[in-house]
């Protein structure tokens, strides 16, 4: 058992602890200790990882551990991390940490809430540490299903509809995914579920790749909110409780991108090269389409959800560009979007918790009433529209530079189209900021509202610090990710 | 000239599907059961005929028929018990009364 | 001569079976249906006799005609007044039944008629009826083509049906 | 000169400190702290400038380009990486001086002007942020660093314009400013992408070492009829045009006047808006490699200059007049760059002139804005109709304002005369057409500036019932005086010695034929203004009635805003965003919902299958079996 | 005469011993001993289960009429476990006044049907198989109608019986054709004799045999009785019917197809392909609208049968393993659901889905069990249902049925929908005003059974040894 398994173990132990807790105080204690431990663990992983790399270990995956699980199918419980997964683990633990504080006063049924929340986290962490297709897929689904209850019980608005839609659409994606995974398993000729092994030694016949690549890519793409399979996102996010939106938009949607990257492209580089254009068009549409849709929404969460569609579209878009720079950018964008969208949702949740409305037409001038939250919102907005010094900028620039490395006119034009999203993003972000925070106070009752409490401050500040850290000092994270991306691009260049 | 085997088969087939017709159309549960006997009987004839004409070395069809007759008796008995039970409750044995559960 | 007699007898039996089968399922009087069934069963027993399976014919008569039909008659008398006619079938129901049965007849007839059976002449293998001793051995033996196990098994089945039947039919 | 890093770090630290802890400090402490910070920065900048220009020239008679610091910030590929560093060459050093000077003046001035405003600390934090970004922009060692700071100045501008965030006008102005410049930056970004892809570098020095690399790399490649190199450079220019408010991307600047006046002075007059000019100057050798883009720049500049000047003549809001004047003056600089060429010192006169004008304009325009700030401070209005005869109440402001007006009108010996004269000379060098055009614009400049001047300080005395205007406090007029002094003497700086197209020393000499013409034209403009506005009369109104159409159009800025409004609201918002949102809800999502509805409907429709009748069940049973048999036989 | 051959039938013998003991207690025991009958039945059956837990060696007796293999013996154990759970769940139910009179018969009939299933699973001759089939279905009709005063119960009994005898008549016709084609009824001999036969008669035979088995498995279009019977039968019987009867039939069908029609699988694979698609889809479509939970689970079990068939169509040892494993998991999941339903029905008489609104507030433990069962049925990890689904899909994919698996997977979305409806009712909906199910403590038998089920749901997937063990056994041959 190497220490990576702790990522799964800690949430599970937390669930046990939560199950035994009697009152709110104990629940909070368990949640805080657990999420802090996770955060510490991911930082430890990062440090160890960097040390190991510095010591010259060039294996694709580090800290690997593989235990036979299902021998007849050669399924292993196999863990291991590369730069990309380390980054993702870091992201997840940060957001879980922030999420715990954002749901400090969750009501009703706090115990159950945290139990489900931790099950969700288990899935997320498990997914990122797995290198076995089966375990990966299993954790993927583990992460999906708690969403239903989390939204259904603790959500708001038309929560049952949204929860059902979200769950069913994501399950639809995972149905395709299962075909893809099984197909890969049986066609690679290796009798192995290990991702690295299949990538390095497997030979999936070309005609099968044509079938399996779209399956896998769309399967993960649904979770990555790829057009036209994104419609679960606005409703789902709008109805979800704060911490769940945070974790879902922040981390869960990244599972899609990560999966496309780790499974679809890594294992089927030839098909990826040949079929990329179809999905480039779709994701390109996502990018612009999401941004345009966000411009006319009036519900804060819808705006952010569509913005997520746009940004996550950019992730997939960049992944499909299939070169080191763009893919690095994609992963950075995952990180960046994860953090800032979590920040957004946290803030929206906090504002909603006070004003009980998310309609921007019914609010205004919040800057005068809750300056802390408003300033944080502005920062989140600036991060979202790609202000240098915050994380969005470095990610987007890496993507654009990377995407532009292609010599063909098709990809260039698409890149330029995608670039326009930075303008549209500015439009809708500033529209919200202008209506919501600035101007005169719309509703006089709002004047009695209070600013953030300490747990809310802690939650948001954590995220802001991370957003700024990535934005100001991008090189270490970029190097970390690049190192994880390179094996894949090497395979791609062999495929060409 | 011997009687061709197929003649027996045709007879049994007609008998079987007459039973099917009865089973589907009769309203009285007992009549349905009677139709059912026709069907079982038809299958029995097939066994016997195949045994006699094609594989007379062993008596598989023969014994199958023997046992099938026994089973038919058993199921008739059980069915009649159930029908009697129904009759006790609703005072008739019309099958269309059994439609409480649907959709 | 014997052949012709056989053919005539078969023709008669076949006619009885076909006609009575159809009458069984079409007559409106339930007691008549039971009676027609009895004729069919007799005719079937006749066929068994004709095929030299006299033991089987006897069982057919005893169990079916003697046992089952009597059971039917009793329960018919129990559940309805003699002479009751059931009302006419709706056309729809009749058509539906006809579709199924004619379709089935065609399918089965087609498959049977097209199948290349290699019939052996009846007389060439065994003549006369099956030896009762042989039947007894087969019924009680444990080798291949012997049926001790099914015999035991059906006993359990019959016991269960008795239990079930009693349970359902008794008053309490 | 590693210590030059202080220039960047100090404002950044000030920003972080004031931003995070500002609200804990008192107003006074925060303001003074910010000012001290910037004073130190200014001193350091002057030291850098002094040290740099006293450095011996190298063998080619050029000041060495220095990179005291250059750190890799983000690596994209082997060749492409964003560095953060400091690049010192004549124009960046000159810009350092300009920015720190104006910024310091504004800091001091704001102590008085912003006194008592809510969010005073925040204001100083933003000022520091802006100073940091702008300084970072000018010392950028590579084009991506420039882009980074370019965005940062955009944001600080956004924050400062929207400083009065409770005022809807300010909020929408800030939004407009940001989005319009963002749109321009899109071009900039794409330009960078193209440029960097072909030249495989972001670094200015590498680019300058072989300015034609882009052209050679993209030889033969065209897109929509123009060469790719031209596209790249034109797109980069688009970024500059957006920041520098060139026509038709100028619309944000007049609205930006909603911000506090010192901010307008700093950002929207002296520093940020000249970033576009600076960008073109920075990449000038590369522009020379694609002359068609230079042509474009000239045209854009010339049209903007004329347009803005015409509009300025009829505006009634004094800050707007100044804003259009700024646009017009920046366009002068652009034209100067457009008509220049880097073959030799002579052909490159426009380059030097442009930089020179940038320098002088920064000073006198800041002066004008600060002066306007004093006036607004005194009368609590921006409208000309509320003013008049103010010379009595505000003598210092009056004098300094007059000096600035003379400078911008191009009357010797004030600084504007010298720089503008060089520009006109350069324009005439290129062709008489441009010379005449620009001279005409210069005349217009003199006219509208003096219209403004007379309208504020002379005209007639309106009734100042509620309060009597009074001179501004010392913290406000001291900067005015200082800038006025600079304006008086700056023209005599031998600017060409420091900055020229290829770095060699260039001795400025006046071309008297051009100078005379321009002075005469300027005087004519002033005379006309005097005739119309010296004292209250009906001549302006009569003229306006006579040229009603022109006047109305000009007053409405030739309906450019309306056009934009129409495009953004009617086309983009109503015709694109709404349909897309509708499509998303009703078609894409509708399809998903329809799947569910159809499934449910089918489920409802087939419920009769489960009819509850045994005989039906059996019928299905037997038909199923038979059909399966038949189908299996068929296949 | 070699009576030692009976020793091969260890499982059947011990089951009959249990049956006889109960029969004796029932017949001759006093009132007092009858009270302990339910517990005695559980204990005796538990002993029987343990006695047979070690799988038998492959063996053949009675001239090939009876055949046992490790995997068949394992299936019996699986059925035993399921039956034991059902027995546990019925402890309190058989003591209700209505059923009290007939509890002896209940256990006897139950055990006899199980005996019939044993025969189906390990027969090598169609006669024995047919007797097993009838033994499994005729007493079942009596069981279904055991609540004979209840309209729904006798209606269900009649429906079941009539459909059963009809299907067995058709099955018999098919068998007679098969006999005509092959000349024998021994599985192994038939397989040899029909090896290269492709005539319409054989195809019709296969169709009729599949129809006969399809009735037991409730495959569409032979499924129409299912919902009514499940609804009408007493819950305990329904649960028995839905898991044990179905599981045994699935294995028996596989046995026939693998042993008898193994040499030319194309025909039956084609038929199965269509049946699976129909079964899964129609089962799901009907399940969506159901409001009665028993009826709802009936349709759910129809679609589950479709998934089980995926293991058969694979036609490999892997498919066999997956099938048995699936059945095991299905037993635990479905019995957990039925356990909750019967518990609630026992205490409040409610079986409607709307009655379950807000159940979590009053009976949190039961709702959690129900939720786990639903998730497991829907195939959500980390519960066992996910693993069984995955393996069964894997086996089908391995044999190349990509499109079929895709259709099945898309159907899982619909199934997830209705399983979530139950979860939604319990956790999300607000309780009905005034008529919410009151909080109660279920009896010990149900508690034990539910704990066993939950343990199964939680552990079967994680503990890979189970699947590995199944694989080892199935590789030893059928």
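Order as written gives the chain letters A, B, C, D and E; numbering starts at 1 within each chain.
The rule is short, and it goes like this: contacts are C-beta pairs under 8 Å (C-beta built on N, C-alpha and C of every residue); 3 or more make two chains touch, one makes a residue touch a chain.
None of the values given here were measured: they were computed from a predicted structure.
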item	value
Those chains which touch chain C and also touch chain A	D, E
Most contacted chain pair (by C-beta pair count)	B-C
Chain ID, smallest distance between chain and overall C-alpha centroids	A
Mean-CA-position distance for chain E and chain D (Å)	77
Separation of mean Cα positions, chain D and chain C [Å, integer]	103
Gap in Å, rounded to a whole number, between the CA centres of chain E and chain C	32
Computed distance of Cα centres, chain C from chain B, in Å	7
Per-residue overlap in chain E, given as positions that touch at least 2 other chains	127, 131, 134, 138-139, 141-142, 145, 148, 157-159, 162, 166, 170, 173, 177, 180, 200, 203-204, 227-228, 289
Residue list for chain B, restricted to those that touch at least two other chains	16, 19-20, 23-25, 32, 44, 54, 58, 60, 63, 67, 71, 74-75, 78, 81-83, 85, 98, 100-103
Multi-partner residues of chain C (each touching 2 or more other chains)	93, 96-97, 100, 104, 107-108, 111-112, 117, 145, 147, 150, 154, 157, 161, 164-165, 168
Which pairs of chains touch, using the document's own definition	A-D, A-E, B-C, B-D, B-E, C-D, C-E, D-E
Partner chain B, residues of chain C touching it in the complex	3, 6-7, 10, 14, 17-18, 21-22, 24-26, 30, 33-34, 37, 40-41, 44, 47-48, 51-53, 56, 59-60, 63-64, 67-68, 71-72, 75-76, 78-80, 86-87, 89, 93-94, 96-98, 100-102, 104-105, 108-109, 112-113, 117-122, 125-126, 130, 134-135, 138-139, 145, 147, 150, 154, 157-158, 161-162, 164-166, 168-169
Touching residues (chain side chain E, partner chain C) in the complex	1-2, 5, 16, 61-66, 101-102, 105, 108-109, 112-113, 115-116, 119, 125, 127-128, 131-132, 134-135, 138-139, 141-143, 145-146, 148, 157, 173, 177, 180-181, 186, 199-201, 203-204
Partner chain D, residues of chain A touching it in the complex	165, 168-169, 227-228, 230-232, 234-235, 289, 292-293, 295-297, 306, 324-325, 365, 367-368, 382, 385-389, 393-394, 397-398, 400-402, 404-405, 415-416, 419-420, 422-423, 426-427, 430-431, 434, 437-440, 474-475, 478-479, 482
List of chain C residues in touch with chain D within their complex	93, 96-97, 99-100, 103-104, 107, 111
Residue ranges of chain D in contact with chain C within the complex	615, 619, 622-623, 626, 629-630, 633
